[in-house]
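Here's the structure, in structure tokens; my notes come after.
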Amino acid sequence: MNTQEKGARLGRDELAALVASDIKAGSYVNLGIGQPTLVSNYLRPEQSVTLHTENGMLGMGPEAHGDDIDEDLINAGKIPVTELPGASYFHHADSFAMMRGGHLDVCVLGAFQVSATGDLANWHTGAPDAIPAVGGAMDLATGAKEVYVMMSLFAKDGSSKLVEACTYPLTGVGCVTRIYTNDAVFLITADGVRVRETFGTTLAELQQRIPVPLQAAPLR
Amino acid sequence: MNTQEKGARLGRDELAALVASDIKAGSYVNLGIGQPTLVSNYLRPEQSVTLHTENGMLGMGPEAHGDDIDEDLINAGKIPVTELPGASYFHHADSFAMMRGGHLDVCVLGAFQVSATGDLANWHTGAPDAIPAVGGAMDLATGAKEVYVMMSLFAKDGSSKLVEACTYPLTGVGCVTRIYTNDAVFLITADGVRVRETFGTTLAELQQRIPVPLQAAPLR
Amino acid sequence: MPTIAPSAAEAVAGIRDNSTVLIGGFGNAGQPMELINALLDGGATGLTVVNNNAGQGDAGLALLIKERRVRKIICSFPRQSDSWHFDAAYRAGEIELELVPQGNLAERIRAAGAGIGGFFTPTGYGTMLTEGRETRIIDGRGHVYETPIHADYALIKALTADRAGNLIYRKTARNFGPIMAAAAKASIVQVGSIVATGELDPENVVTPGIYVTTIVQINATTPAAAEHGVTQ
Amino acid sequence: MPTIAPSAAEAVAGIRDNSTVLIGGFGNAGQPMELINALLDGGATGLTVVNNNAGQGDAGLALLIKERRVRKIICSFPRQSDSWHFDAAYRAGEIELELVPQGNLAERIRAAGAGIGGFFTPTGYGTMLTEGRETRIIDGRGHVYETPIHADYALIKALTADRAGNLIYRKTARNFGPIMAAAAKASIVQVGSIVATGELDPENVVTPGIYVTTIVQINATTPAAAEHGVTQ
């Protein structure tokens, strides 16, 4: 088989570093709130990746600290950030036009569940008493050329978050192209789910716990 | 009757001056190509009228001459113009959004025909061999809060250009609110066509030549 | 030509009960706090409010909601760690919520200002937020039909206005300001400074004065207008 | 990140036969004359061209039409006093014309860049230009359905680019540039000058670099870049 099996399950930062290294040089990227934000720590300057934040900016720099904090300069998570040379500001309709129009190369998002055909559930647990809040989740899922999900592969009860069909309310239909987890990287293709690499486990072991047919991906 | 009858048929410049004096102070106005352009000569500074040109500018000044000519600063008729203090530039979609969204107070247009219900025909003679060209005519007719037409009341063959129904292809449906001609000013109202004033003629004389029921308008 | 109001209270004095009010800002950036406070003091009730969020902490929009002056809110992200006043009103059934994906919210506001009657967007297709909505498959992709959000008033914060009403903003505080200014019948703008007509570079105006009804200068804590875009 | 091409010829070298090409400009303002001439020299044919007009005099787009390289033109105002090459091609039945009201043309281009699948506009309702089209009465007013105009390439003229592809324009030469840059798969931009990344004020960028594929510097006759928007 072609899947690369590597030594150990990836830690949180190793996973972020892997995602960062997979982003092509010169890409325009939106990193969702939470775990995906970590990816920015591992982007190398020579990659020339330009970060978008949906509240109206391209060329976002790292989180601001101390005297650099400016209440007029925040990211979509409302965290103070900085501005890099070559940045630009625009209003909300222009910012979401940029996303919806398919101009971002990659969007990295967290998820509750992803289906075998790339449906994404990441905004709502579906709990009857929950107050729903969607923000830009559906726009991010729908707009980017590639949607990478970063998530733990198994829920706390041990069930797979890669599923045949999402049971949580959907964020987008057929939008996810890759899933990065601590145990393996999955590619969602027209031919089904392919396992690109595993970390401290094997495709056979994963198949026993994941209710979706898995195939090995061709070597990169 | 209330209609004001005045001494003599208006000349071209008198008509432009009348339209100019009817525009409320502080208005945002688009003047169409041709006869309507003359209106700008009679707008008084204390009226603080801001001129829009659909190729992307608010705050357009008078035609440019000599050294003031700048090939990057033209109006919709492609004539070099100038920039006034308080001007702004924007792209074509934003410019037509400004028109379509109903933000302009007045648009002044020429016409081939206007119907009793305010239908406008001003872009195409309907001649079978004519090459059609519409430009911004339909957008101007559709978008402004008030659409004033400036035209001669009678065609060269003596027929009325104020008609029951346009025979030329339409530019917009029910959009014209006033018609300024050298012989009279007409208001298009929900109750029909009202004559606000006449110049060197009477309502009764006009009614003999115009195939649309005319009523006197209440005095202003 | 806009009116220059002497105070936030006078700027919002015309807002009637049951109005629809667009409120700018994303988090605190661009939030017209002084105008919201003046609206609170003014007493208008039965409001429909459009904002990205549903208030934070114990200030501004959160207080309008606490005082039950907001009948309905149209927003993308009501639930936050400090949205307790919204949470309480919602659980008590005392506020109506229309939840809209953020980009559809922005585009619906833009459509109102641009005179677009409705549009098809792929965002939200196949989700519970668009159940029962008109859909259309365009180039093989599912789209849902969205309608413009027209409003009576917009409350906006900008960096600087000139006396013709032209506006510039600052960094990510621009967010909803330009589209809300265009979508409302009357736009009320608080700015850090008002300069003479002609002092803003026409190339750099973000909101043309045609979209601005009322301006009020609020002594802001943000950096001075001189930092950006003012040519003199 | 955009490519910086050494010449107009190399900038347009990738344009294939039967492409759809958006061409900026309104009259001569913003017309990317050197890129159009390079396209003419490059030999691509069977083109669908989108421009406000259909060429003037004996230059640029008019020559592309004269040489019968344009299969179809989508525009608002083809007939001008000096549009003789278009007139001849049209009367000979050798060019297809799709006539679109100017604001619908602009909004359709904007929709393509913004990922909007289609929209309803009041402009053109009840006229011969929209006969047979889907219509809808919205708030008592007739609207027609319009679809996005996607394109393979955009040819644009801007004042200045930085190396990240951010663009500023000059006066009414801005016109179709920003919306065309966003609507095409690849946008090729001729500029008067290219400055280092960081020299354009982020508040004043009109077209963010994400929309720009190729930049070429053309020694322009228009005033220098230093006049506007460059901070250093």
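Order of writing sets the labels: A, B, C and D. Residues in every chain begin at 1.
Here is the rule we use: contacts are C-beta pairs under 8 Å (C-beta built on N, C-alpha and C of every residue); 3 or more make two chains touch, one makes a residue touch a chain.
All values derive from a computational prediction rather than experimental measurement.
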Q.
On the document's contact criterion, could you list the chains that touch subunit B and likewise touch subunit D?
A. C
Q | Between the pairs B-C and A-C, the one where more C-beta pairs touch | A | A-C
Q: Would you mind pulling out the distance in Å between where the CA atoms of subunit C average out and where those of subunit D do?
A: 32
(Q) What's the distance between the Cα centroids of subunit A and subunit B, rounded to whole Å? (A) 55
Q: Mind checking the centre-to-centre distance between subunit B and subunit C? Centres are C-alpha means, answer in whole Å.
A: 35
**Q.** subunit A and subunit C: spacing of chain centres that average the CA atoms, whole Å
**A.** 29
Q: Identify all positions of subunit C at which a residue touches two or more other chains, and write them in rising order.
A: 107, 110, 114-116, 121-122, 169-171, 202-203
Q. Listing for subunit A: what residues touch at least two other chains?
A. 57, 83, 89-90, 93, 97, 99-100, 143
Q. Which chain pairs here would you call touching?
A. A-C, A-D, B-C, B-D, C-D
Q.
With touch defined as at the start, can you tell me which subunit D residues reach subunit B in the complex?
A. 26-30, 76-80, 86-87, 90-91, 97, 99-104, 106-107, 109-110, 121-129, 142, 169-179, 206, 222-223
Q: Flag every residue of subunit D that touches subunit C in the complex, lowest number first.
A: 107, 111, 114-122, 136, 138-139, 141, 143, 168-171, 201-204, 228-229
Q. In the complex formed with subunit D, which residues of subunit A make contact?
A. 26, 28, 48, 50, 52, 57-59, 83, 85-90, 93, 97-104, 143
Q) Within the complex, which stretch of subunit B touches subunit D? A) 53-57, 70-75, 78, 83, 89-93, 95-97, 99-100, 124, 130-139, 142-143, 169-173
Q | For the subunit C and subunit B complex, residues of the former touching the latter | A | 1, 110, 112-116, 162-164, 166, 182, 197-198, 202-203, 205, 208-211
